[in-house]
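Following this line, the structures themselves.
You will see chain A twice below: alongside chain B first, and alongside chain C after that.
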Partner chain A sequence: MKGYRKYFGKKIIWLIITFIAAVLLNFILPRLLPGDPVAVITARTAQGVSEASAVKQIYEDYASKFGINKPMHVQFFSYCKNALKGDFGLSFSQYPRPVSDIIHDAIWWTICLQFPAIVIGWFIGNFLGVLAAYIRKGFDKILMPIFLFFSSIPAFGMAIILLVIFGIHFKIAPTSGGYGFDLIPSFSFKFIGSVISHYHLPFWSIVLISIGAQAVGMRSMSIYELNADYVKYSRFMGICDRKIVGYVFRNAMLPQITGLALSVGTMVGGALVSEIVFSYPGLGTVIYQAVTMSDYPLLSATTLIITIMVLIVSFGIDIIYAFIDPRIKAAQFD
Partner chain B sequence: MTNTIKQIFHSPKFVVGFCIMAFILLSMIIYPLVNPGNPLEMIGLGSFQKPGTYVSLYDSIDSSSTIFKLPDAENNRISQKLKDEDRIAIMNWLIDYGVSESDINLSDTNSLLDLWWKNYDSSILVEGMTKAKRNYYMRLNKSLESAKRTEEYVVSHTDKELNELETVRTIENTDYVNIQDVANVKRLPLGTDNFGRDVLKELVSACGTSLRIGLIAGAIATLIGLTFGLLAGYVGGIVDDIIMFITNIFTVIPSFVLLLLISYSIGQDQRGASTIALVIGFTSWVWTARAVRAQVISLRKRDHVNLSKLSGHSLIRIIITDILPYIASYVVMAFILQISTAILAEAQLSMLGLGPKTTEVPTLGLMMNWSMLYAAHLNGSWWAYFPVLLTIALISFSLNLMNTGLDQVFNPTLRD
Partner chain C sequence: MTTPMLEVKGLSTKYVTRFKENVYAVDNVSLSLEEGQSLGIAGESGCGKSTLALSLMGYYFPPLHYMKGDIIVDGKNISGLAPDEVRRSILGNEIAYIPQSAMNALNPTQKIINFIEDVIHAHNPDMSKMEIYQLAAERFETLGLSADVLKMHSVELSGGMKQRTVIAVSTILSPKVLIADEPSSALDVTSQKMVIKMFRELMDKGFIKSMIFITHELPLLYNVTDRIMVMYAGRIVESGTAEEMVFDPVHPYSKGLMNSIIVPESGVRDNKLTAIPGTPPNLKKPPSGCRFAARCRLATDECRKSEPKVQHFGSNRNYRCRLTEAQLREEHSND
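Up next is the complex of A and B:
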């Protein structure tokens, strides 16, 4: 267990460091860059106000409200203190709704949509990748370019294509929203049915994209492994093919798991944009609203939440990895 | 070197990717020569005009005409007016009216219309039909009657002095104009977008901007990644620790989030295409740095590097002559991938409304953003977004293909 403890300890320290860095970046970036968010807000509120002193008054009012006239470190600590309490301030665009309330409503939609989609896409992709590497010939020649092409389409593009084909042309799926516009969220059969029918298109668009990307990676990993010495040796020993494929799959899978941990951030980014296409009530749509209405507190809080989600997921994958990778298991006996 | 290039061009994947890319680049160069002008000019009033050839109605009145007696002219005229849903509506009316269903043949326009003329009367009240529906049938009947009409049209213009109409020309239904004789004919192979701009022209120009963004961002990311990777891998020690610390942090924090925050904070006014390219470049170097470092560490202890060190060569010289050549192929591949990710990243940013400022240059992402804002995907204007999507996919597909091709050449274990 000692090996594990050391490994986990190291991972947790990194988690904390990255977390602090993420919070710092989230705090510092908008303050370092040339644009002044408070000036933007002032410009929006002060539209039509021609008197310079009035505009200045509005600016100073906002400045003291957001505390930007206080020294940097005071701001940072009050920011951290409030963020820990889950208080991200009030949203500008949906005033006087608190930001945490908006995020609380949106976050489960995003988690329930993206988590299963990425996991299922990952499994199917890896399976097809091994199959392509093992069968080669015709199967590989056709599938490989298709996978590559699929992984080249941006996630929102796939979303639009599915939307137009199944939502508008065949009319078998609703085109926007997370549930019927005439329903109020509740635990009724009608509502759940509506949620499920709205779920399909965004779900499959994310799955299809991740299948492509994962299959390409898994295929080259497997080809690499299939040429390894241990495979040749097993062949000479007369071990049956199915067993060898099993070995190859396990070995090629390991880098894929780390790959997943590292690429979760990119995948989530793409998937968030495809939420916009469907006006899905998740974080992607919240980001979009925050950007179009220049709602800075909302944007900043959303990005922080997404970063934390990605951090947790990749930490989780690292932990799972420790139990799967025999080398880390072996470290226990050192 | 020539041998390597020859080998690269023997890889079918690389060649296909290269051809797609070459095609895109060539059309980017040639199309503006054939069809010059500002790609952002709003030529059409109204949004999302269908693709096709637009002939000036005004000019065609002045053009000399010839007479053709085409046997199917009248049929074409009617079936142009008669869409599929109209046919079904006619059938429904006839069934409601009492014609038996077996007599009606949907695909045979003549027999369907014969039945319609024989039976339809606007004064007949069919049971259970709404007023809106009845009005629809009246309109349909009127448009069909106008298509059946054989009288000529009279074109006239107003005489200002006498204040009366002066006939310019009468147009028979057998008059035809050669399209060559009409002064103004506009070909819009991909129609117009929401602002009435020529989509094809805009697309070609946007493709250029997006590729430029990709190149700049890719170059910056590769340069930073390469420098960091080389330093961390070769120098080692405290430099390695610091660089790896930064790299580790940026691997887990999604670059998408950084991109979002930075491009939002820069503000709308400062966001030009090249600024966006810079931002994308600065947020996507992490992978290159990690991979270069790993490669350099395995090279650092090789004999030829040690020999160089013993000969007292400078750090820069060792890196350039003894290490870079070994990782060059990898860096080229990473660069190619960076370009395609940067193009995708620009498209994603623009979809969120954080792309380059909108008035000066078109980019692929901005075209997508506008067509989504004006709901092109919901109102069936496929030409405004599908070609753009296809271009994005093709560019990144061709880059990925080239990359796989190169991978197989430089990485013999992956070869077929």
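Up next is the complex of A and C:
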């Protein structure tokens, strides 16, 4: 247990450091964006008001409401205090809607889309990778270029390809939104059916990208593992191929798990872009809108939420990894 | 005479490299191993010892290919069997193997006991995990290993422990033949002694019925084996009892091998250290005639042209050289 404690201790310290850095960057970066969003809102509210002092009054009113007239560090501490309470202030672009309300509506779309897509893509990719390494010959010759293709096009490229082929050319799937634009969210069959049909394209675009990236890595890891001494020894002890492929799958997968912990951020980033392509009502689309409208309370809250999710997921993966790879335990004892 | 545990007749195998070149690493090897007997195979690095070990098991996968010959295990010819049949019924069960790299032979992410379960289930699917654990624990303790090892992963074991664990795992099904490829080369002297002792115990307790022990250190075999074969460039060049081979080698190569030992085992005479000049031939294009001719002090044009025949003398000594026993002894005494 001592070995594990040291390992977890190290991981937790890193988690905290990254977390603090993430919160700081999330706060500062959007505020460095050019443009004055308060001026935009003021202009909107003050339409028809011609008197300069009245406009200035409205502007100052908003500025104190959003707190941007206070010094940066004061803003930061009140931001942290409120964030802990789940209060991220009011959105600029959808004023006076609270940011937390917008995020609350969007986050489940993102989680329900990305989590299954990344996990399923990861498993299928690894499975096909080990199979390609084991079977080689024709199977490998056909699959390998496909994996390489999938892994080298960017996420939005895959999204656009699927959109054009299945949405526009064959017209078998809707091209945008999370459900029919004429429906109101409810637990009716019609609504759920619509959600499912809108789910397909963004889902598969993320799955295919993850399959490609995982399979390429898994294939070379498995080829390496298949040449390991324990494989030869197991064969000469009469153990059947199915079992041995199981050993290889497990051992080749371990570096893939660390790989997942490292790349989950990139994967989520890519998936967020797919959401934008399909105007999916998740966080990706929210971020996009927040950026185009300089809505920095919304932008920093969404990026913060995503950063926290990614940090937690990769921390979780690291912890799981320690339990399934006995070498970690042994290494920490040295 | 009883049936030998292992009989091999004229076995030849080759590697086919990625560039479609043939490497003739085992050429026309015959041997016979009686119950209770242990056989040592010695030779320089690259002479085909490991390849012979693999070839003897009758199960081939690329780049190693079977060419000809018979392998008879306890009266049953396995050369004609389908590969899957060999793997299912012979490997691990009748013939067990300890690889040269036994340190890396265990799956790093599997507990020892789980691997033993897989080995046993491959041959005996009905045995319960409980029975397997009892068998393994008892066997490990008999062999001087703690039963706690079973619950560990190989990364938690020291080198010597790993080696002994692999030996215990390989022999868990009490095979008729154990083939051990350099089981002690990577170990310090203490661990080497423990490993050697372990082999004796395996034999005495009947956990193995016969054994082939491969090494490049000829004198080591003196304490472990009954008979010794010396291998050179894919061929057996001389065989005899351990005693005869260590104290009285006749083939120029065996003689050279004995003289090139750095640390003589106790009980084996002091040697003047002389390395055999030159290097073994390339097995992609083995030389015609005697394969040792290029390095042999006694070689003549005749040696380089025609293949030497196997000659016999004494009770059961064979060597592959054109010269007679008397001529060879005469030459050796001139040194």
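Quick note on the criterion: the second predicted complex is superposed on the first by the 268 of 334 C-alpha atoms of A that agree within 3 Å, B and C clash if a C-alpha of one lies under 4 Å from a C-alpha of the other, contacts with A are read in each partner's own complex, and residues count from 1 in each chain.
Criterion: contacts are C-beta pairs under 8 Å (C-beta built on N, C-alpha and C of every residue); 3 or more make two chains touch, one makes a residue touch a chain.
Since this is a predicted model, take the numbers as computed values, not measurements.
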Clash-or-fit label for the pair chain B, chain C on chain A: fit
Touched partner set for A:324, first chain B, second chain C, both or neither: second
Residues of chain A touched, compared between chain B and chain C (which is higher): B
Which superposed partner A:243 touches (first chain B, second chain C, both, neither): second
Which superposed partner A:17 touches (first chain B, second chain C, both, neither): first
Chain B versus chain C as contact partner of A:160, first or second or both or neither: first
Which superposed partner A:195 touches (first chain B, second chain C, both, neither): neither
Chain B versus chain C as contact partner of A:299, first or second or both or neither: first
Touched partner set for A:308, first chain B, second chain C, both or neither: neither
Least Cα gap, in Å, left between chain B and chain C after the two complexes are fitted on chain A: 8
Chain A positions touched by chain B in one structure and by chain C in the second: none
Of chain B, residues touching chain A in the complex: 245, 248-249, 251-258, 260-262, 264-267, 270, 340, 344, 347-348, 351-354, 368, 372, 377-378, 380, 382, 385, 389, 392-394, 396-397, 400-401, 404, 407, 413-414, 416
Residue numbers on chain C that touch chain A, as the complex places them: 54, 57, 59, 61, 87-88, 90-93, 96-97, 99, 101, 104-110, 115, 118-119, 122-123, 153, 155-156, 166, 169-170
Partner chain B, residues of chain A touching it in the complex: 14, 17-18, 21-22, 25-26, 29-30, 32-35, 37, 40, 136, 145, 148-149, 151-154, 156-157, 160-161, 163-164, 168, 175, 216, 220, 223-224, 227, 262, 264-266, 268-270, 272-273, 276-277, 287-288, 291-292, 296, 299-300, 303, 306-307, 310-311, 314
Residues on chain A engaged by chain C in the complex (per definition of touch): 228-230, 232-240, 243, 247, 250-251, 254, 324-327, 330
